[in-house]
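Worksheet: one structure, shown below.
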Amino acid sequence: MCRFLVYRGREILVSDLLAGSEQSLIRQSYQAREREEPLNGDGFGVGWYAHDIDPVPGVFTSTRPAWSNRNLRRLAEKIRSTCILAHVRAASPGSSVTEANCHPFQYDHFLWMQNGVIPEFVRVQRRLRKRLADEFYNMIQGTTDTEHAFALFLHKLRKHLHDYNLDTLQRTLAKTIRDLTKLHRETGSRETAFFNFALTDGHNIIASRFASDPHVEPQSLYIAQGRRFVCTDGVYDMTPADGRVEAVILASEPLTSDREDWTPIPANHLVTISPELHVDLVPLD
Amino acid sequence: MCRFLVYRGREILVSDLLAGSEQSLIRQSYQAREREEPLNGDGFGVGWYAHDIDPVPGVFTSTRPAWSNRNLRRLAEKIRSTCILAHVRAASPGSSVTEANCHPFQYDHFLWMQNGVIPEFVRVQRRLRKRLADEFYNMIQGTTDTEHAFALFLHKLRKHLHDYNLDTLQRTLAKTIRDLTKLHRETGSRETAFFNFALTDGHNIIASRFASDPHVEPQSLYIAQGRRFVCTDGVYDMTPADGRVEAVILASEPLTSDREDWTPIPANHLVTISPELHVDLVPLD
Amino acid sequence: MCRFLVYRGREILVSDLLAGSEQSLIRQSYQAREREEPLNGDGFGVGWYAHDIDPVPGVFTSTRPAWSNRNLRRLAEKIRSTCILAHVRAASPGSSVTEANCHPFQYDHFLWMQNGVIPEFVRVQRRLRKRLADEFYNMIQGTTDTEHAFALFLHKLRKHLHDYNLDTLQRTLAKTIRDLTKLHRETGSRETAFFNFALTDGHNIIASRFASDPHVEPQSLYIAQGRRFVCTDGVYDMTPADGRVEAVILASEPLTSDREDWTPIPANHLVTISPELHVDLVPLD
Amino acid sequence: MCRFLVYRGREILVSDLLAGSEQSLIRQSYQAREREEPLNGDGFGVGWYAHDIDPVPGVFTSTRPAWSNRNLRRLAEKIRSTCILAHVRAASPGSSVTEANCHPFQYDHFLWMQNGVIPEFVRVQRRLRKRLADEFYNMIQGTTDTEHAFALFLHKLRKHLHDYNLDTLQRTLAKTIRDLTKLHRETGSRETAFFNFALTDGHNIIASRFASDPHVEPQSLYIAQGRRFVCTDGVYDMTPADGRVEAVILASEPLTSDREDWTPIPANHLVTISPELHVDLVPLD
């Protein structure tokens, strides 16, 4: 599986967020801690919003590992944003390392990514695609379960692509996960499906921490809130909010050494972050 | 569109075939002659058979242009084969330059490539995929019309994948082209579809030169036969057969200056080359 | 050789500058007009300044052609700057298409690029490197004449890297060209060297149009000045300055159809653009 | 540092050698055992000889990790050789992941690679280059200590590039290591230099296991000899020689579970393998 993070809050330099420290996501690309297999070297991606330009996010992806990518390093030092997603990939077996398979996936003003897996996705793919309206059927460029799940989410949201609120997004994601679980179960597979999705439009954020088998621990997912996320001399710090939250991070692994900053998202829950940075948890049934 | 060639005959060094001369396919990657737009810089691919190892061909593809690829140059100087395919790509609008979209496409012991286009393929894609058995539905990795057409061809051949002769292949390709034309027409598109396909299993070769509108000239395709295809001091030569054909080349453009060596395949015909290098033409209705 | 452009003036979106029109630099990557060989497909690079972040420019380069690069397209739509350089490369023989050979080259707050060639550069390289202080000797990562020329320029400026004005830069570039010409002549080569260099620090710009043989026409280089450079519905326009120049472009080829907007830089001249966008020409002896 | 292997003996399929098993070099690209940092994801390279074609070896390199490279997998299944080198890279700090920095390095009929490091190589580079004849000075394309060391080796051998025996090669490598150690020491650096080099011409092989500080353990290096190296159902086996050695492997880590097959090369020794597969050890002073 993979590692990801979502940031929203005060404007921050991408390199301060991704490359600053020993706990950084770029570090996790070759030395993740909370996974048996510590390597996420099958490409990466960064997405960010420039609201002063237009609502469509910028995206930079590569099939090369994040840790040695000169373009990533140079771009990250020049891009500032109030909403940033990043993903380092460990490809599922059978899903190749190609450009079309790099997260995050973008559609219009949305970005989507996943740390998870539908086991034997090839057996799900066809029935999933059948359900899609042409627009979402045709947007699919690669072979990942993640991109297909995104198409399903968008299909479910299709009548409200520009007319929704956080609640709409949350209910649509819940339905998407329910559908994916059903599609997976119908293959007869007894393996557990894991769905840590994250979606944003640059203002609203929703994410899930889910395992299809309630007795199995989902992939890790944490949230931190504070006044400001800063990187000083290679050390990350989330300064306390004291009532005024101005920075929120969702991440597969804590980015600061002080683990008290990081609250695990409970198993089989959605987390929503409103444009005003209000955080809520919603159980998935 | 693109440029391609197929070689079968005496063992030849790949670099002698692809890189030796001013008329070479690698030259055509940046300076094709028989096309308005002379550039084929959207990646390339080479496929070849090593019958002494196994029936599955080797394939080397890249999204970088052929003309500057050091790996291609080095490999080509070390690989010899009796059956070689090569392709330089000019991507159709909407079909991105990714690894999964590079020709030739391989399935089991088959190689497939195309110089052509289904206009507005995105409107054909879904209905084409519906017809495919799961095995061929799931083999599709990219978004090209070519790979989808290959899946359709294999689907039609599915009961005879290891039990066919040149005649079977020829009839299956004819049916595939008929189907693709029909699928394209059903979209309501009035543009012309062009299908210069080439398929081989390392022994048999079939190719087409086809335009869906009989009043429109298909993309160019030539055949040359001789005793031996050689490259001496940057000059290609096909030595006359004098009754013993031991080298046959199908190519989008003549490779030697002596155009008399090169017979155009007539419009809307298939050409078949038997394992004994016997060449036949079959009209497509 | 290559094609390049430098922009300075009002903030502009990189994609409006590079991708907007039929005359755009990205178009020139596969269809340059003022050269015999119209192809510049051996990689590209973009550099830009974000003065609100720091003085070091951002750089994005790739060995793949500009025309099909999804990352370039996506980034260009999200980056705005008052100072932008871009380059599409046609590699000199012997200088390979590798990441380390992509223009523009960056050192501290400087960007440098070239459309030109030192013939038989390999015979110049060693003697050039001998002259360099360690810092500039060691900065060289690739094998291009351009990067070596940059090291020589920086070496000559070394005592004033942060303490110079436009005049200093202009004299240093003139000396660099004189030295390169001398180094080239000492090899005994009778071929003409071409040096269209461009250098900027984000505020000052200098460029050259030079051929070592005064009877030979240098590579083309044009300048346009106006109130604003805009791209509307695929058409570039430089609106007249009417006394207030707020946008200046140096480019290998005119970007607008109205060639009257574009003044050729005279042969064997330097052109300087001050932080206030004042343009001057200085003859090279 | 890195992991490498050299094979000489009966013809073997590259994929059987590199990809067959849990101990394979491709596995070592993401899970090396005998190193603190288990990752070698900064590109890879394979070199092989096709003596029936010419004496110059084929080389395939990539800056992408070996484990996910489709071209590598496909090529490896089609290339057979009696002499194969392979290398997975963990870049030294400061030496970037570019094509020009991938091992093995080729010059004429020689291949060269390294698992090791000259600390602070940038301070050695200039003085090393000064010693080189133009031919070897100009062959350098990248920035690795390895390529520079190769140039020094070739320079020392320059009068005997086509007229040498194993003894010549062995003495030249010893001298090269002595020189590199001296060059390194002259920088004042107190860090240990590690030099596990391997060189072949397709017939003779020499390699070193060396640390400049005799109290420090060099990087690991093993040798195995047998009748045949085979890969059956994912298990490597070196069948006993019983007096007739027909396969020899030098490798950074044992490739089979049976560690008795693998003899460590003693610290600060050269190992030589003759065209007849006779193995000798020579102490380095």
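In order of appearance the chains are A, B, C and D, and numbering begins at 1 in each one.
Operating definition for what follows: contacts are C-beta pairs under 8 Å (C-beta built on N, C-alpha and C of every residue); 3 or more make two chains touch, one makes a residue touch a chain.
These numbers were taken from a predicted model, which means no experiment stands behind them.
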More contacts between chains, B-D or A-B: B-D
Distance from chain D to chain B - Cα centre to Cα centre, in angstrom: 39
Junction residues of chain C, two or more chains touched: 70, 96, 99
Topology of the chain contact graph, where touching chains are joined (line, ring, star, complete, other): complete
Chain C partner contacts - residues on chain B that touch it in the complex: 30, 39, 41-42, 63-65, 67-68, 70, 91, 96-97
Sites on chain D touched by chain B in the complex: 13, 48, 50, 53-54, 56-62, 70-71, 74-75, 77-80, 99
Touch list for chain B against partner chain A, complex: 96, 98-100, 122, 125-126, 129, 134, 137-138, 141-143
